[in-house]
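Worksheet: the structure to be examined is printed underneath.
Letters A, B, C and D mark the chains as written, and numbering starts fresh at 1 in each.
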């Protein structure tokens, strides 16, 4: 919305005649770090119908995107927090990674991603990555309160080839207007992991560090509960980090609802 | 969403124990300008079920909010574009102002307003108002492209008392994931005009000027169609402007769905 | 500079024919807090020729300016840190407040203030003040690191009249190009405290709290030494705070060099 | 200034023990476009002592810097406008490019570059480059007014090797406090073109387009005269564009004053 002005263009609907080349664009720098945490604590943050599957390892990824065609060549940054989970619905079963929260530093894909895909997206201020003394340092904040830092260092090159990524599971939720506390939409949606349009050009591995900073309500009055839930997960063991340069990517038109 | 971390606080759900005083907060500076345009052109931008009611006068309002309790005292700015319309549903009939689009310069109320209320909110960069040489100058842009300017000048004081504002009508629309082009939610919602928590402290009237700047797709790739629809409305006659200082305001818990 | 394009307009040179009214503009909200600290520690941060005069009380003031004529009605924010000092030069003697550092959130007055006045100005990100639960909360940061918070609360009205403010002393310093570590200009300059163009409209007093946050070099690589010097001053005792609304202000054309 | 807190770290003075590697850092993406203009109009914008040398071709360069060591791995962007000129002083003669103005989107190097080097630096908002449909699109603005666009397209690779760049000439100017309109410092300074620390990794050439947008005083109240002088230069003929990726760069400690 607004819809009465006609369809908006966006990642899944480029205007006619505009050049789009999903195999070349966008360019993407991905910096990720992982840590082992407590299974019970993690499971407490899964919605109904989900169970933890495999080791309780949390992945935090920063994706710095540039040259995005549906933004006429502009870019933005996406932070994703996920962990392994399975879903059993009335009809469908699926395993993969549960996408717990996404932060982005541009409101437009936050809006379309929430509405069209069911992405659990929130807004954050995310500066460009710092690259210093052999490390990649990534951070995110909101109106002056920095709530997340990750650092990946000690990098060495590995093969760009990798096993296909897991399917991604998430929860699309829209509250019911006037019936406060009730849902109008409550759907589990799935993104197939396979992305035929994405090519990895360079992959490095190293050590990773993740730090969520606990927030008072007044620091992050719209999302202290999210950040504090993640900040409250114990870091039992770091599980490494990666830096990946890639190009291209699909438009998520293969997103589907599970029942 | 994300909802699995528990309820988010926001305009309609302050955390327990936090001070909220809807009769005092927020503080609001409202600058509005109006113009007469073409009835047929305006009616073309109404959704199904709506008809233009009364003169085809477009109102553009900037609301600069400060001291908002649910943001722990921070503020943001809201731009609203509306015109008079009636709605006839299967069960309900209503008249008031149709809220065609809202822009805000903070993503958090964009998200909650869309989801909880059905507000047709988009993001824009909106600087503080310029106050210069007796005029109030307000503008909005997106990543370096300024798409809207209004100016209100020649101000003189009038009584703060005014007839109660019209009810506000809008369309809540959520697309269906995986069924591109179809809707999962399509609801007309209504905000009662009456706001018992708001007190006008100072009201001025003067001349107003509204200018939407036409955009190429590459200037505003996610909302050129909205801005160009408004920029394409002929300005037959300016219909004045107002500057209002007020305090307090309701939380929109009285928002309801029309059928 | 650049100067070869002709004179720049600015606070001390409005373009011909542009309206300027220093008795009405800008509007100013000033929030200040004070604390007693250690005399020896404070004196260590005074330049040669200066001595501490009176109690070692540090004042931190936030000035939120709006409707500035030389910015065509825009605004910006200024943070000033000062303490009482005397200067004895070869010819001149003066007492007042030593202006140790200024931060501003707009580069243009940083540039002209440094060059024309000798103001020790640096850039900071300074959000609008938070006004919440009876308190004014002001903060400043740099690229995501918040280095200063002040809070003034428990406010009660006092008379807008006040004794004339002290003269302000500062050091204008320009390094010599190519002779690294040497100065090309090293001048003590003075701003007379009296400002005939400024009218205080409302004055409140209350309790004040100042907190500078210590920084690693990587947090504030261009000014960690400034912030850490101030963060290292012990707070022996808070000395209250004020909130002042005023309008008008002089252009500092009365600034002069002491010898 | 402030200097009484001790020396600031910066491009020419890294703190002890901090890693600095001028042959590797920063990374730099340079996008430049050139146009032939009117000799007399260009000469009118040269300071006393300078004459135009060679063809009246204006170069506008955007340098997007990342991984800057003295910013602990952060980056910023620099825009430079220059044309060929010779200087004849009382003692020194020099030829090269006259650096008419620099805009940067971070205040810290604006301050140190002006003070230490004599760089004619101003602040501008400069978004990341748009890369779209084979073109690089670069723009600069100030508080919502976009004053400069360049576009380089039709790119083909050429040898990274190139003749050494010209020496750069500029004017360091500091006004005299209290003697309004007079100068306290007025020095021509020179940067040797040779940069032993910089390595070009990839060089492309193509067609270039430069557009300065004329500004009303209220659009750019501190620099309308600069932008309008450049916007007033006729574009007789485009003279191509380049896109260069490089790494490393000297600290300008070889900057010197000409007499």
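Just so we're on the same page, a residue touches a chain if its C-beta (ideal position, glycine included) is under 8 Å from a C-beta of that chain, and two chains touch if they have at least 3 such contacts.
A quick note: this is a predicted structure, and the numbers were derived from the prediction, not measured.
Listed by label, the chains that touch subunit C and also subunit D are A, B. In a homomeric contact, the two copies may use the same or different surfaces; for subunit B and subunit D, over half of the interface residue numbers are shared, pointing to the same surface. Of the two chain pairs considered here, B-C and A-C, the higher C-beta contact count falls to B-C.
Note on chain placement: the centre of subunit B and the centre of subunit C lie 38 Å apart, centres being C-alpha means. Between the Cα centres of subunit A and subunit C there is a gap of 42 Å.
Residue positions 72-74, 127, 130, 132, 143, 218 of subunit C each touch two or more of the other chains. Subunit C makes touch with subunit B in their complex at residues 19, 27, 66-67, 69, 72-75, 127-128, 130-133, 135, 137. Residues of subunit C that touch subunit D in their complex: 1-10, 12-13, 15, 18, 45-47, 70-74, 100-101, 107-108, 110-112, 114-118, 120-123, 143, 171-175, 177-178, 180-181, 184-185, 187, 189, 217-219, 221-226, 229, 253, 255-257.
The part of subunit D that touches subunit B in the complex is made up of residues 125, 127, 132, 139, 141, 143-146, 218.
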